[in-house]
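Letters are used for the chains, namely A, B, C, D, E and F, taken in the order the chains are written, and counting of residues starts over at 1 for each.
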Amino acid sequence: MLIGTVVLAGLALGLCAVLVLTDRLLPAGRDRVAEQVESLLPRIQCAQCGYPGCRPYAEAIAAGDADINRCPPGGEETVRRLADLLGREVLALDTTLGSADMNRVARIDERNCIGCNRCVPVCPVDAIVGVQQTIHAVIAAHCTGCELCLAHCPVDCIDLVPRDA
Amino acid sequence: MTELMLVIIGAALVNNFVLVQFLGLCPFMGASRRVEGALGMALATGLVLTTASGISYLVDRLLLIPFDLEYLRLLAFILVIGAAVQLTEQLTRKLSPLLHRVLGLYIPLIASNCAVLGVALLNSTANRSLIAALFYGAGAAVGFGLVLALLAGLRERAEFADVPKPFQGHAIAFITAGIMSLAFLGFTGFVRL
Amino acid sequence: MRFDVAPGPHTAPIASVPLTMRRVLYALAPAALAHVWFFGSGFAINFVVATVTALAAEAAVLRLRRRPTRVPLNDCSAIVTAALLSFAIPPLAPWWIPAFGAASAIVVAKHLYGGLGRNLFNPAMVGYVVLLISFPAELIQWIPPRMGDLDYQHLGFLAHLTYSLTGALPADVTIDALTRATPLDLVKEGLRSAQTYSEVRAGSLFGGIAGRGWEWINSFIALGGLYLLYTGTIRWQIPIMLLVGLLFPATLLWLFDADRFATPGFHLFSGATLLGAFFIATDPVSAAESDRGRLIFGAGIGFLTYCIRTWGGYPDGMAFSVLLMNSAVPLIDRYTRPRIYGRD
Amino acid sequence: MLEYTPDRRPTGGLRLPAHKEASTAQPIARGFMPRTLVLALQQHQGPPTTPVVRRGERVLKGQVVARARALRSAAVHASTSGHVRAIEERLVPSVHAIHRTRCIVIDADGEDEPLPPGSGAAWPEDPEEQLERIRDGGIVGLGGGVFPTAEKLGPHTPCKALIVNGVECEPYISCDDVLMREAAAQIIDGALIMRELLAAPVCIVAVERDKPQAIEALLEAGRASGDASLKLADIPTVYPTGGERQLVEMLTGEEVPSTQYPSEIGYICQNVGTAYALHRLVRAGEPLLSRIVTVTGEGIARPRNVETPIGTPIGELIEFCGGYVGDVDRLILGGSMMGYALPNDEMPITKGSNCLIAAVHREVRQDFSERFCIRCGNCGTACPARLLPQELLRAARDNDHALLDEFGLNDCIECGCCDVICPSHIPLTEVFRNAKFAHARYQRQEVFSAETQQRFKRHEERKRANVERGKARQDHLIHEVETDKAARQRAIEAAIERARQRRCNDSDAE
Amino acid sequence: MAATEGSALRTLALVGVIAVGAAALVSGSYEFSRDRIEANRQARLLQELQSVLDSTVSEAAVNPARIQASDPQRLGYEDPVDVYIVRDEERPRAAVFPAVAPDGYHAPIHLLIGVSADGIVTGVRVIEHRETPGLGDVIEIGKSDWIVQFDGKSLTSPQPPQWAVDDDDGSFDSITGATVTARAVVAGVRSGLEFYEARRAELFARAADGFGEEAFDE
Amino acid sequence: MSRVRVLMLGGLWRNNPALVLLLGLCPLLAVTTTLVNGLTLGLATLVVVATTNTIVSMMRHSLVPVVRIPLFVLIIASIVTCIDLLTHALLFELHEILGLFIPLIITNCAILAQAETVASRRPVNESLVSGIATGFGFCGVLVVLGAIREVVGQGTLLAGLDLLVGPWAASLRIDLPFDGMLVAVLPPGAFFGLAVVIALRNLIAARTGAPGRRMRTARVRRS
């Protein structure tokens, strides 16, 4: 009985010592998951997922803190590809979050724009040009239709139109 | 040499651990959604299987039997396996984070993966030589990896099938596994042990 | 002047699923007749029972799923399944054997995956293996072929029918008197109990190459196979490689020791070899998709069949080998994709 | 001229009933003259031309009505004399679909008056000028691609071989066949001119085996020309060996890399009709005014090949062939495999229109009821691009674009072989055609996303930089203010000043 | 999640404690239950022996002697096996020993054979086999009493040539569809008896002068 | 809904270890050749999982990630071994049928998973509840599957109950008029049986609108 206890305890201690050691010695591998996840997102930075941008959301997913169905612009397709990458279940897209789709762009109505310049810093992709007190314009080719600027226009003269119109 | 080959074939096909002896089913079902994941899991399990069967063999011969502590066998083996698994867990987490994400819960589960314990116990009861024990472990690992990969492939294809609603998801996976084990019955009587 | 438009190509399709399936049935007909000639009307009865159950099961499932039934029922694939199943089971069997086999083939192996084209495994073979392990006693009751010199009274159609339906035999005969081990059984047991091959095949059941009667049926099956090849219903990759995979080891080992191993000829003309090569392994749905894949697929089946016959517990291994290779198909496909034109 | 048989078997492909007897029975019908012409400004691959005539103006046969301003474009000529009725948007059948483009509509005056003789200058020496002439001559590829020939003949990676494509593998079409029979010499001549321009060591004329007369004629002409670089390859009659990629593989064993054109690996593929047109231009100074069109199908009274002025309304052409007989079920422009059905016969013949089929009910595919794929793999065997259509189909149906890329959607040449052989009657080609659009959008999307990500990065950096700069200035001020009194004074005054400013701004606002 | 210096020691301490706890627990319950388990084992063995002994003998079988005997040819076991000699006060009454029928259909069939002192089979049981379920497995006593037909047989009745299944004109019923199995078992029992005949005297002798230790220690 | 009820429902139905999490499959499939076998193992498992959950959760604060797995299995294993030894000593008859399965309990992933996901994070009472719920959920599945396989496979029900609860129960055994199809008791039958049970659960879940798992899983991406 005593022997048994000693032997087993010895065994346990020995093995755990090994574990602790290896845990020390092994180099922590660089975690590329977040990047892989991000590359599957639309990367239009609309923040509708509830994170400041695609990267933060990607990191949240990679860390397993966020569901994979929070990106409206990405749509079902993105959810599916994320599920594939991470071996998770496919979830229905969370449509409550927003409606941004990449086929629309913002357009500034020249007649109403007062050149307050507030929309410029908001645009995550610098798609709005114009200086103080002059009419601003959206570079359609850069605009992702993320809707962020809409809220910031005091005279709301920004609206979304189909991309090819 | 031929015996050793027989040992491997026996463990891998004839008495396939998963489909015939019902060992290691949880990872079999859980890690077979994608072929990539399955291969990773196969590797991890193979690692644990062979190392664990080797070490526990030594523990058995050098510690338990001399002090006639056979009644501690389960305890000792499971301890060894647990350690081996934790080691694998560390390895994957640090060397392939993505795989670690994909396999998620299932790596710790190798610990309780019956296959591993099964190998260790069977080795000690069927008193083999160390080499034979290692081969047996390897054979089991091969068998496990094989059916895991096969099932993964089949499940990927089954996703395009038009399965009746109640059977979608896991149920059809079990049906598929069932037919696989039907097929593996063909190996019965292969190695007349 | 206006015309209604339709997408191209405008050339009418040159093949259709029902036609393909019907071709398979035509190809099986001669062998079926030979079977009835040698083993009595049991085959016919089994075939009818199997077909009826197969179609009924298919209809039932489709109804249950509120799916249209006409198109699937007309494609004849269920009948092919039934036919191949009835080739696999012994002629002298109670009705519920073919019925159960067909039902499990259609319901479990075919329609749980959504029907024609979706199934991962060969339905007929699933049905057969389920039967084989569930009711081995019934599935080994083979009767010897009708050959002038074999002392053996044969059952007429009615006797067959009554046995099939009620399990009752004519007063004077017992089931043991009727049934014999098949040549494959005999060879397996003989070689196992240290007889030499030539001793085994001295038995009255053996003809020039393999079992008498069986030789003929298999020849007709080969004929049907050639018809399928000729009409382009199947392509050569699977049948040829299957035969190679089976006959190559057979020849080697036979040359190595002609006493302990059966002749290649015996393997070619016994059991399910030819049926498997031309009709079963070629099931498009459950076979590999690319040509290279089909080479591997066929060879695998042949080789496994030989191993099971020679070292395994079962007299024949076609069904198991087919299912085994079926389960390998996704991986085979994955690693044998043809190189796309202009890519490397 | 050397005749030989390539020793390769074509990859995939089908042997299809040819249906060419009807139209090849009679010789080419010449001298057909329509009442009106509809000349599309864009009949080629590339930017449209710009009209150089005005409404009401009279134009002569052969006169340029629209000029090629850009490279990769080709001029358009009046194919008979008459008055310009209008310049308006119309529906025009182009290579793969009907599209709306501006057209010059001309009322023919029936005099068919050509430009005064000698107005066309002599054929220049300098290659550059020659290409210029070809562009102005409005010559484009007549084999289906309608790609400006000048472009294809222009300076290239050294040309290994000129391939003159007389294969004409597609059912019903026979325009190249009859042309080869009747104008072999001119074709050979045109081919030699091209060889000249390309400095190609060899010139292979490829013809399908089922055109013995054409082959005879060509050999005859070839010998006559006595040019050693000429070869004639007879090709097995398998569709679609006429496709230039397939043809290159067949003749040379080389494959045209996935994203490239044959020219980029040194093979130039020109249709026989193109060669003929070039001959006319160089020897007779005649631009591309007409082309041979096969008018056939059981719904046509007198099926035949017609030398048709470019711009002829289809209705008139059919009229010329005796009009419709029986109940015509479908009117197909092009062959029965690659061609597409027209909604009406009001549209004009363009440079790319090689065949018209007025098909009755039993001639063309009718049932479009589709079964599930039974994985028979026939499509894969038939596919000349060695694709796996059944896999593509799956990927396309649940638009998984990564898979589509992997399975080579864009390597599909839409030949339709898989479609015709599929026992489940799945409209594979149609699915792939549509999938290609979606796929293109997806690929643009990916690029856009990548760019966006970069912009965002820059944006973030700038923001961070701004914040830091601001903070630095603030620190500096605070530090100053704390250290010397004068600075503090200045700061306070500045603040008061700003406050005043703001107040009067507000009062202005009111 | 690398453990820091401090926690490394804590870890080991923790593990040590738990391991000791676990071991103590297990060892404790082992000590507690060892004897009872042993007793149970013997009861079980006794049951098994009695299953192949007829009632007259089985009272006497309270405490047979265990002897190690080895006969690879006839018994089919490489290593020595336990032979139990059942005695009453004066003389041995019967013997029980395992034997292997090597050529079962799928795998060798393991038998337990009981023979009375004068060489008459008192019972045969199949301990382990891999025959086809539903076919060969009727040799289990649970499935049918085919195996019972050996009771009362001996090497003299029937005569050795009759020691075969009726398909081979022997005097034992064969099993439809499982002749192979039947043959195997008959042959197995027969060679078991031959072993017994050959070694009986020696075995009894050894049993008598207390060679074999008592099978059960009271 | 109170925490306890959530946990209960979770273990029993919503994420039932065997049907939803697919854990503890080996004993599940290996043992359920008859209802009684299933029941017996189910009860044993119930005891183990409840005890381990409690113990683990008691010491959850002193656990160290690096070695947690060996610790869990150590605890589980020792408890199981004790149960094994004690049943062997005290309930010998029971141990006769149960003997082979008990070591299997050690390797029952469901138990480890509970330790890993619940017990090592939740207070004792919750862990206990969850453990019991899981145990019952598991046991339930074992019983159902065992019943199905016994009926289909050998045409009986409740066979061998007497070994478990005493001779009187022998009378409860039901014999059906047909003698079964072997496939049900052989390995393939185990898979098919479980598939059917899962399908049934899905049906019910769909009917009661309870959140079953989302059926269609992700599409394939080969690469």
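Just so we're on the same page, contacts are C-beta pairs under 8 Å (C-beta built on N, C-alpha and C of every residue); 3 or more make two chains touch, one makes a residue touch a chain.
No experiment lies behind these values; they were computed from the predicted model shown.
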Minimal step count in the chain contact network, subunit A to subunit D:
1
Every chain in contact with both subunit A and subunit C is listed here as B, D, E, F
What's the farthest chain from subunit A if centres are computed as the mean of the Cα atoms?
E
Check B-F against A-F and say which one is joined by more contacting C-beta pairs.
B-F
Just give me the whole-number Å value for how far the CA centre of subunit D lies from that of subunit E.
86
Distance from the CA centroid of subunit C to that of subunit E, rounded to the nearest Å?
44
Can you work out the whole-Å distance between the CA centroids of subunit B and subunit C?
34
Can you check how far apart subunit D and subunit F are, centre to centre, with Cα atoms defining each centre and the answer in Å?
67
Which positions in subunit E are in touch with at least two other chains?
1-3, 11, 15, 18-19, 22-23, 26-27, 30, 105-106, 133-134
Where in subunit B do residues touch at least two different other chains?
33-35, 71-72, 75, 79, 82-83, 86, 156-157, 160, 162, 167, 172, 175, 179, 182, 185, 188-189
Touching two or more other chains - residue numbers and ranges from subunit F:
66-67, 70-71, 74, 77-78, 81, 85, 182-183, 186, 188, 192, 213-214, 216-223
Taking the touch rule as given, give the residues of subunit B at its contact with subunit A in the complex, in rising order.
33-34, 37, 59, 63-64, 67, 69, 71-72, 75-76, 79-80, 82-83, 86-87, 90-91, 93-98, 101-104
Where on subunit A does subunit F make contact in their complex?
12, 15-16, 19-20, 23, 80-81, 83-84, 88-92
Flag every residue of subunit C that touches subunit E in the complex, lowest number first.
133-137, 140-141, 175-176, 179, 189, 192-193, 313
Subunit B-facing residues of subunit F, complex
19, 22-26, 28-30, 66-74, 76-78, 80-81, 84-85, 103-104, 106-109, 111-113, 116-117, 183, 186-192, 194-196, 198-200, 202-203, 206, 213-220, 222-223
Seen from subunit F, its contact residues with subunit C in the complex are 181-183, 186, 188, 192, 222
